[in-house]
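Below: the structure, in structure tokens.
Going in written order, the chains are labelled A, B, C, D and E, and every chain counts its residues from 1.
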Amino acid sequence: MDRNNLGKWLKSPGKMGQKYSLHALYFCTGCGIIEIPPSITTRWDAERFGVIPVATPRQANLFLITGYVSVKTLRYIIRSYEQMPEPKFTVGFGSCPINGGMYWDSYNTIKHLDKYIPVDGWIAGCMPRPEAVFVAVTHLWTLIDKGMADGYNKYRANYQYYRENQEKILGKLEWPPLFSKNIKHEEYRTIA
Amino acid sequence: MKNTGQLLKEKLLLSFEDIQAEVSDEHRLTVNCRKDTVITVLSFLNNSGYDHLALISCVDWIKDNVLELVYILTAYAEDKGKAKMNILVKTRITREKPGLHTVIPVFENAEPYERELHELYGIHFMGHPRLTPLFLEREYKIPPFRKDFDTRKYVQEVFDQIPFVEDKKAEK
Amino acid sequence: MNLSIILAIAFGGALLTYFSGKISKKARDVLAVLISLVIAVILAFFYNTSSREIFYTGFLDFPLILRIDTFSWFFAFTIAVIGSFSIIFSLSYIRKKGNTDYYYTMMLLVIASMIGIILSGDLVSFYIFWEIMSWSTFLLISYNRGPAIAAGIKYIIMSVTGSVAMLVGIISLYSHYGTVIYTELSGLLYNASSGYTIFIFVLFFIALGIKNAIWPLHVWLPPAHSEAPSPFSAVLSGTLIKIGTYGIILLIYVIVKINVFLNLGEGIVSARYIIAVTGAITILIPTFIALLQDDAKRLLAWSTIAQAGYIILGIAYGTSESVASGMFHFFNHAIFKALLFMVVGAVEYRTNGVRDLNSLGGLIKKMPVTFVGGLIGICGLIGVPLTNGFVSKWLIYKTLIINNSPFLAFAALLGTWGTILYSYKLLHNMFLGQLPEKYEKLERAPFSMQLPIVILSLAIILFGILPGLPLKVINSIESGFGLEPLTINIWGITSDTGTINMLNLFVAVFLIGIMIWLIFKGSKKSAGIGQYDNYAAGTTVPKNKYHYSVDFYGPLHRMISPYLRDFIDDFYMSLARSIKNLGNGIRRIYTGDVGYYAIYIMLFLALLIFIQIKWKLW
Amino acid sequence: MVNPILLIVIPLGLAFVVPLFRFISKKIEKFIPFFALLANLIISLTLFPHVLEKPIHVSIGGFLPPLGINLVAGPLGILFAMLIALVGFLVSIYAFAYIKEKDQEKYHILYLLLLTGATGVVLTGDIFNLFVFFEILCISSYSLVAYFGDKPGIESAVKYLIQGAVGSSLVLIGIGLLYGQFGTLNMADIASNIHSVHSISVFIPLVLLITGFGVEAAIFPLNAWLPDAHSSAPSSISAILSGIAIEVGLYAIVRVVFTLFGASSILTFLLFLGVITLLIGELCAFNQENIKRMLAYSSIGQIGLIVFALSIGSLSGINGGLFQLVSHTLSKALLFLAAGYMIFRSGSMNISSFEGMGKKMPYTSFAFTIGAFSIVGLPPFIGFPGKFMILKAALFEQDILFTILVFLILLATIIEGAYFFRVVQTIYFKGEKSTPGQEREIAPLSVLIPVFIFVGLIVVIGIYPKLITEILESSASELLNRADYIKNILP
Amino acid sequence: MVMTTILEIIFIILLAGIIGLFFLGLSRKIMARIHWRYGPPITQPLIDIIKLFNQTSMSHGFLFNFGIIFSLAGSVVVLLFLPFGRICPLSDSGGLLVILYLMLIAPLGLALSGGEAANPYTSIGISRKLLLAFGYELPLLLILLTVMTHYNTISIVEIVNKQFQAGWSFQHLSLLLPGIAYILILPAILGFRPFELIQAPQEISSGPMAEYSGKFLALTTIQHAFNIFISISLFTNLFLGGAANPGYFFLKILAVFVIFLFANAVFPRFRIEQAIKYLWRWPSILAFAGLIIVLITGKNF
């Protein structure tokens, strides 16, 4: 952990800030959420890594999807993901978001979350233990360091494909596209 | 001395002709009736004090080609000293174009249950005020809870057909 | 320049407007605006002059006198300016409605009579103009029909009650001292018994208190202010109730004189404290009631009562700072309350008469100028530093604390916090939050509405930063009253017990604001998003109503509303009912049977004879 | 100089000529009252400056008082004569359009007789003659109340008649007693001797006269005829009854109390009576739905106020009372005329039927509003100086009793304001904003002209009360200075 | 002269910000230790702010931006009125009454900004915030009035000076009671538990801040830090005699803050009615008693 490395802070404050201040939005889709309370309270204490739960996607930069994703939930996941400010990181928790898990042939559960939104990391297991969350967090740190946790850029770059996939499952979405076709993602930063 | 279930069974048999009733244990009374008498039976039971419709469930007997609806009734106010009764009112309907009359006039809380059954089994409840989807986002040719709905095939057709974004990009 | 010319222009202009309306609508509009402006301009030339003239000798034995000094100039000028702004505001507001000629005439008549009251130099002409104002106001309050009818009748009955009481006071003064001219009366009460002084005080306070809506006499105000046409509400709230204030100052500081007033009674039971405490109650109760209102104009109406409480408190408290604050707050309140009524009026105009706070919202996107006006208006109303309301409120708090009246200060301060609550509610429920779909196509307010809103907003800021401008005038008024003037400079007040310097504050706020703005601008730019891209726990935002405005202060409402029934109003209503029943009962004397009537005649005869035998009248 | 007797002779003579004119033209008969009263008005106006210098008295048939019947045209008499002529004249114009029956000569005859009687009462100097003219006034007004011939009209006329008859007989007894004691009917003569006899023997005729005239003057509780009669009479007659008949009754009382008896001690009683009459009148009017009844009750109240003012007994009090009397005559006549035509149009006397009148009949409603404001006593209308003077007179007594009475009066004023403002609101603001089929139906000119002359007078005198204060002052001093009155007539 | 004032201003703002952020971190750390957790580093608020400034943000419109600037400016200006040790740049501009008024700019600005967001959660949060302010303002006004009446001045500098002469305010019974009342309402002023109902993340999704992202959240955090500093140093100045130099002052406010934290870490959350009822009962009664005593015993100066 290089949290106390002042040199690094001066060099790249943004990256360091993202690393050590992960405001997490826990999306309690299924049984996985039961592992989260122990992880943020006394026993495991996620706050020592700078991970705290926040209430709305606007304040969050870590999106934790804990459990299977039904078609109906997917809509809300997408909406919440799009409302998060960038840079933002998604972590799928448990085997269900990875490939459907025990719901792999369910009529109403999507199998691969990363077909619809970009996912930066997975925590495998059914259920993963709270320690696994911290492993994921430390892993995410390395990814951020290396610049590989760039799901949000991927989403921006391939927004049309994601939107197509989303609409294939959900039908026409109620909200307008997040990124207009005319604006390339590099330009997005300068809007407003 | 007869227990509550026995008494109720006799009362039912006296009142209705074409039903079968059976007391399986002291807490359970099963009543089989035709689909057009189910509402009168339910209202009879409602008036006899079994005024809570706990659930409507459905069983797909694909071999017999019938759907069996099970209305589970209990009583809010149970007499002390008497056993708590669950009454299962069962009725069978055909699997093709299944339909029967709604029981909302008797039990208002049947509304979501019937919507659910309509959605998952395709049963049409006549007289129901709004049979709109309750849980499902997508439309299914065969209602998904029927035995002949092939989930694996469905998943392959729908979810597995959606490509990963990387693949898609590569295609282009 | 002659004072009677102003009145001639004002009254003559009112009539002229009516007849010009029969010829051309446009000419009438221009004329109405012109007359009101001309009055204001002429009055402006009277600054710092004092003159006195007898303008009419035909009324019985009383020469009717007009006079102007700094005191009356201050009030008259404020009234004329606010009046002309509301007439400008009316131009488009009233266009859709009927009876426009009538409206303008009455409006000008009200303004003219108010100026008449202010300029009058004796109590009889004061009373005459006062009554003209009362009935012309009555004819205008009911203009909107519907609920306005009950409001009008409530107003005029209370007003007549007050004015007859005042009439008794005036004639009583005349019968005691043989004059009704202010300058001759002033100080004469020095030798009067305190009982008589209190008698005069009570009589005048019934009238003045009703106009000024002091707490137990306030019941006419909320319906009248909320049901009148909005530009007229601005006049009502901004200036008309201030006529009561003017009267109170006149009574206390010109007729009775400060030294008599302060010696009227001892300690807590002195006139000074009783009136001040009434003022404090007038601040508190209406403030809490305003919190519970859902009608924008009714909320403002209750707020008007509460603000009038500050003015009364300041004037009655009797130190030179408090009197200055009372008069300054009068000036400020005229500006920001007129502004707020105009803002509500503009919204009402664009939304076709909607002023229910629960059904509006999000109008900031559609009417930005009006919103800014509203924002500055509520800042003034609250007294946010650097708006004009601040200095006057600061002065009153300070003098109350320094002179050891912490409970009065407490009432005033708590009233301010209540003000924050209700004024934020007003702004939030109208302008902020979600814009309902039906208002998507709303236009901005027309120019004739925006102009007064903008000017008044600027005035609020200006007098907030440079409070010395009006305070200079107030200072010279105070020295006329025999009070010690404050030491002021253009941007503040200096004294041993506490100084204020708005320039320092302004520079500090401005620089720090710029600094933070630079930080804000310098960091990453933010993406602008619409109102439907909103956090709703992942779901899409419903389009019809995703706006929390109903029961905005619900918890407090549930806590306090049982204690805040307007029992004063109930009392008056039950009084009216019992008079009605009494009348119905007395009418039974006239049975319709002529036999009884003959008996009455005989009984009367017998009574007369009996009286003669008993008391020997002859 | 014109002889004041013409004031009586012209209307009386023309009254009997009316049927003759039928032979010439049917249309002409309605103009006779107009001309008669115009003449009266002109005569009284020409007399006016002379009277202010010195009262004129005319002996009929050349017999000097106390033997002969004499006319005394003092300031008070001429003031009343002027008022009568003015109101009568204006109401006669109003009648052009208002009275539409075919056989209207009855109306005009009775109308002229009524005014003759009224003028006679105020001009005569002989107590019995006064009674005679009074009877002429009363009898013609009984008949005029029943002019429409409908059931309520006849019923109320009969009620009026019975009470009036009782009153008249009391007056007659009173006059008889006086004649028995003094052997003369001349008022000045009686007045000069009144203190020479025992008080109780004077008191009884005084009481009888007050009661008898009090019936016509509508003092409580003798006023029971008034609401019925006012509401069922034609509006023009209501205006006359309210504006003239009552005032003439009041004149009689004032003449009797001040000049004849010099009975200043009974004034205290009349003071209370006035306030009670005022309060009861206003309270009865408060919840009244019938507009004419409301106005009638309001008249009772106003009479109470005038009685109060006159009973203060000081110069300024009488001054104020007379001013209020003038103001009430003008305003109430205006109100009845305006309301009458609105009733004529709406077909109902209910206040709620006046909704939307402000649009339909703007001028009439405007006039009504002015009248109402004036009655309530709002400046700049005539009611204000009246009320002002009365309060001034009352408060100048510097007596706690007067202060209390003043508060009662003001309470009544508030009540009065309440019901008048209610009507004004109904006229202008109630009802639908604009309903189709609500075209303007402006009243005919013959209605508008008198109404607007009234409005003009109300506003002008309201703004410039000095116009009439001079004559009022000399009238008041005439009332107070009995000795001068007696000296004038009995040199 | 002007130069020193400007330097003072900058010094105060920086110091207050640092102390405020330090207190925020400290509070998180101490809370964690009370919960038997390890807790975040004490610099965590700073890290959060750095991160937030590096994030994108979404704005709902002009007022959304303006409100937050307005709010922060209000808080910063208050600093200039508070004696910090001996330093008080704007001591002659209205005294305690202006501080009272300026303290309302912060909630008002946040309320305006949140109102523009068109989100019912923010509106509910604002409604609660204003109501809570109304709730604690009643005892606060009584407290301040007691102090001002006691010293018969409205200038906070003078209050501090008089305490130098006559000892801390706490020594007088009449000011001890209001002092206790101030401690009781301090969590309400700061929005700490048990008055966390403004944000109430589990209930109304952090209330007024529900729509804040990136730099908006950062500025709100900074504003919160200032707020902590202001309310505690106000207490120190009024009741603990201020201080002769900034270092000593810092120790005093640190002590107050830590004591206050220990007291409040263990409470659950009030509902808004309960909060108002509480605030209008005990703290108000204490402050009122103090005011009565002051009026009876007379002024000390």
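Operating definition for what follows: a residue touches a chain if its C-beta (ideal position, glycine included) is under 8 Å from a C-beta of that chain, and two chains touch if they have at least 3 such contacts.
If you're wondering where the values come from, they're calculated on a predicted model, not measured in any experiment.
With contact taken as defined at the outset, there is no chain that touches chain B as well as chain D. Note on connectivity: the fewest steps through touching chains from chain A to chain D is 2. Of all chains, the one whose CA centroid is most distant from that of chain D is A. Ranking every chain by how far its Cα centroid lies from the centroid of chain C, the top place goes to B. The interface with the largest number of contacting C-beta pairs joins chains C-E.
Think of the whole protein's Cα atoms as having one middle point; the chain whose own Cα middle lies nearest to it is C. Chain B and chain C have Cα centroids lying 69 Å from one another. Remark: chain C and chain D have CA centroids separated by 43 Å (rounded to whole angstrom). Here the CA centre of chain D is 78 Å from the CA centre of chain E. For the pair chain B and chain E, the distance between mean C-alpha positions equals 60 Å. Counting only residues that touch two or more partner chains, chain D has none. For chain E, residues touching at least two other chains, in rising order: 53-59, 121, 205, 210-211, 213-214. For chain A, the set of residues touching two or more other chains reads 56, 58, 75, 83, 189, 192. Of all possible chain pairs, the ones that touch are A-B, A-C, A-E, C-D, C-E. The touching residues of chain E, counted against chain C in their complex, run 9, 13, 53-63, 65, 68-70, 72-73, 76-77, 80, 89-90, 92-95, 97-98, 100-102, 104-105, 108, 111-112, 115-121, 123-124, 126-128, 130-131, 133-134, 137-138, 141-142, 145-146, 148-149, 152-155, 205, 210-211, 213-216, 218-219, 271-273, 276-277, 291, 294-295, 299.
Of all residues in chain A, those touching chain E in their complex are 3-4, 9, 13-14, 16-18, 20-21, 23, 41-42, 45, 47-48, 50, 52-56, 58-59, 61, 83-87, 189, 192.
Those residues of chain C whose C-beta lies close enough to touch chain E in the complex are 361-362, 364-365, 368, 371, 375, 382-385, 390, 394, 397-398, 401-402, 404, 406, 409-410, 413-414, 417-418, 420-421, 424, 427-428, 431-435, 492, 497-502, 504-505, 508-509, 512-513, 516-517, 519-520, 523-524, 526-529, 531, 533-537, 546-549, 552-556, 558-559. Within the complex formed with chain B, the chain A residues making contact are 71-72, 75, 100, 104-108, 110-112, 114-115, 118, 154, 158, 161-162, 164-165, 168-171.
Considering their complex, residues 28, 32, 35-41, 44, 47-48, 50-59, 121, 199, 201-202, 205-206, 209-214, 217 of chain E touch chain A.
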